[in-house]
């Protein structure tokens, strides 16, 4: 029988606490006038939350590198789609 | 039967420069293609099965070293040549995109399936464009329905014509002639019939054509009439009781908007203000203007734009 | 090694089968990222086209319900993660409980979302069905809500699929189909659930928090 | 031949005799500076050792009669429609894409007939528009994109890497059903009256102005997209996780590398198309949406999203063809591929850079000129790996021992036509030149050189190369070579005049045209009739071979791939025992140099390297 390693209950709960904390921070920061930085802060927090979910809940932290590449590829290609179309949208409007 | 053309007519210096680029590419690609074909045929014959050609290859290490060198050579060489050609083409493209300030303006509206053109003097044409030789001409184009594309092979230029936007195209014809205009963006049933002529005339003849033309009044005058016909003057006129922005001296000026941003009042701004009046509301005014989307034809709107342009140097109160 | 694992004919052993399923799921998740990615691109282009409209429209969304829903979904993700953990540890009862909690939270999310939709409808904010917006930027606001319903609607469809999957997993767990050696379906179902959660993590600031100041 | 060990039992071809040639390339030929080592005389032991099998399987139970081939595994229609065997699914695909190919071909024929005269006198404008739309939609999504991946990819990926099947056989069958469902929607749209938007579905024409069955057609494409995604997913997982022992990444045949690169595109590009078409359908249905300028939407957004998929999709069409070329050219040149690693990296580079260049379809669309410049430069970068591939194929011929069987003729044609297609692509990547050439027949000619001159030539080459493996029968090589030459000539006659037409300025999608373009159009139509003959010929002699063709041995071409180590047609389980791989692919040179003496030996000794049939044309006497 292969023992499949599992993380502790505590670590899962801590990640959840962090997620809820970040949710409150992002909600709060939205009411602080920062100009265009509001969106940047919100998206940065969203990215952190997504990474927490991916690394801990989805076990990317201990996953085979191939799975990490597959996970990264989706986001990398999305970055290509958005980044290169911004060469048009960001300039033209 | 065999007297068909192999080369399109050329009537502008830009077209000649594009031709040079074309022939340069033809040379580069011709050399590569012929080399590949020659090598395939040569190897195929020399090394056909059963031939007596020597087939000894150098030993492994040396072979690898040599093939690495060959690999690098045929990565770097084409890359340098291709990028060089690419920058050459990009420079020309930039010239395509930058019309001179003194260009003669002609307005074009594409609609299924015809081109409507209007000169600033008010001369209207359908599927025909008369232009003077030797003078830069700038087309300001929009579409009333789907995407079209205005293509003049003789000048080697085309540009898509989009609804809700103005795109431009410019050229300077060298000599008189009569050439094709095609719509190259598929636009529905009679796409293939959305063709026309561009007639390049000597400047003097062009002037005669302009005066002889069908214009009863200039575009701006026509626009003034439309301005009243569509009821614009009811609010934007001098005697209006409604609190609406004044349009005298507007064109080309920077306008403060209600949301704190500002825009330059160009063709697109005026177009959007009429069609999408709630998009950009001038600071200090209520968003009460109705949309004219679907009410006003694009070519009438171009007249109105020409009218507002003509008021560039006017003082408030001139609009009646 | 116990014999509980059924190995399909094309695989050598359970290990190969499990790794293949894992990789397959992650590749599928990458396609999901780009499926939603097209919408995010459309969102960015439309927002850049008329940023004020998006600021105005975002203020019309119900940030209270949206934030609560985010919390609900994050919690459901925790439950799902714990269900996977319990399955791996072989405690079927705990796993069943966590799976049920996940499904219930998922249903709660959809309930809250539906409430929001109803409120939006009363506010005439549903393009196609009933949309009217006074003031400037009406077109841009309508486009925002078009995207809002498209994106959250597509997300909700994914949630429904996820709830069905989790329910099936719960039934299988109740029938003791999983062992510490065979838990691939639970793990894959969990990955799907978490990805749907990640999509929402990005939707939340883009739809609810554009301009609250 | 029956003296082979149990692990090779599968290899005794039904006919016996010299046909059961056993390749050695999988033996250890790593150094070719000396007499071949033991591997050469012990093919069974050296190259394919039985692998402990996870589960009892009667195939490994010792010497036994020829295992049941996949073709004999049930004869009812249902046994085909419910099969999860990758080889049967490949056949299902092959039959369906052939039907779609000829449907699309009929549309092309009618288009060329219409264009013989400048006036629109053969069909009406509406009909013409529907014809080129159906030609595009069917050829792109129902023929070219699934062509090589879904047929040869499905058939060969497990065989080439030494697996029993793809990782997810049921998903594989599902993807065929999705393909058929998508096809039914599209054919439904065709029967119900057609679609006239062009295969590009540009908004706002497709959303607000067309009066045809756009939503049905778009649904068909949406559904078939998921078929592509599932196929790609299956291949990626299979290639990662199911390779035979010893089959390291750099021992993979280049066809597998090409399939892997293709799958990346399937998986990462297709979902964007799906969501874009979804947005389009809703927008058409509801009259509201983000592509509509009336609300401040942007039709160029549609074009960006569409080409983000559709440009990489072009590489979906050509990358598998490149994989086929690498297999076939090495085999008939009897020489190792030149620079294997750079060939492998080049396909990956093409797949990845191919995602960065979509904006070159939009140089005159009204996108920003900065976008134009960025996309133009990136486009030149993708030309480099493509050029490497062409040069390396050519270099592979150098000092080879070249046979001119039909597959080789097709693939030499492929290299030439792909070169022309690729080089003319550089014209179009050049910004200022594209302004003139965009949306003219120059573009039509360019992409037909890539897709028809490239992909279809390679597809036909692959059909001829693997036909003996798939069906167990040999076709008439004479007829096949004749057809290959007809296709090459007909193709050039059809499409070369279109380059000239394009430079003259003839726009695409024109039902009528100015009279000065007629001569070139007539030439093109004449070429199309020759091309049609070239495409119909294989139907006859290939069907003939199914019944009357001599039986093929397991390896009629003396090729090195693992797929040639198993009988033709392969048994249900692919391999009696999973082979163990000990050497890189394509070791043809070693195979050629070493056994000169055995070459003329008439009766190969047992456990000796089997000799290809008589001089020159392998497979000729495979009775």
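First chain written, first letter: the chains are A, B, C and D, and each begins at residue 1.
One rule holds in what follows: contacts are C-beta pairs under 8 Å (C-beta built on N, C-alpha and C of every residue); 3 or more make two chains touch, one makes a residue touch a chain.
Owing to the predicted nature of the structure, the values given are computational and were not obtained by experimental measurement.
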Pair with more cross-chain C-beta pairs in contact, given A-C and B-D: B-D
Interchain centroid distance [CA atoms averaged], chain A/chain C, Å: 14
Euclidean distance of C-alpha centroids - chain A vs chain D, Å: 38
Between chain D and chain C, distance of the C-alpha-averaged centres to the nearest whole Å: 37
Of all residues in chain D, the ones touching two or more other chains: 240, 268, 272, 294-296, 298, 300-301, 304-305
Touching two or more other chains - residues of chain A: 66, 73-74, 77, 81, 85, 89
Contacts with two or more other chains, residues of chain C listed in rising order: 19, 23, 27, 30-32, 34, 37-38, 41, 45, 49-50, 53, 139-140
Listing of all chain pairs that touch each other, if any do: A-C, A-D, B-C, B-D, C-D
Chain A contact footprint on chain D (complex, rising order): 240, 264, 268, 272, 298, 300-301, 304-305, 308, 355-356, 358-359, 362, 367-368, 370-371, 374-375
Chain C contact footprint on chain A (complex, rising order): 1-4, 6-7, 9, 12-13, 15-16, 19-20, 23, 26-27, 30-34, 38-39, 42-43, 45-46, 49-50, 53-54, 56-58, 63-64, 66-67, 70-71, 73-75, 77-78, 81-82, 85-86, 89-90, 93
Residues of chain C touching chain A in the complex: 1-2, 15, 19, 22-23, 26-27, 29-34, 37-38, 40-41, 44-45, 48-49, 63, 67, 70-71, 74-75, 77-78, 80-82, 85, 88-89, 180-181, 183, 190-191, 194-195, 197-198, 201-202, 204-206, 209-213
Interfacial residue positions of chain D with respect to chain B in the complex: 31-33, 120, 125-126, 129, 196-198, 200, 202, 204-205, 208-210, 293-296, 299-300, 333-334, 338-339, 342, 363-366, 369, 372-373, 376-377, 380-381, 383-384, 387-388, 390-391, 394-395, 397-404, 412, 415-416, 419-420, 423-424, 426-427, 429-436, 438-440, 500, 503-505, 507-514, 516-520, 589, 615-616
Chain D residues touching chain C - in the complex, by the definition given at the top: 51, 53-55, 158, 163-169, 229, 232-234, 236-238, 240-242, 267-272, 274-276, 279, 282, 286-290, 294-298, 301, 304-305, 573, 578
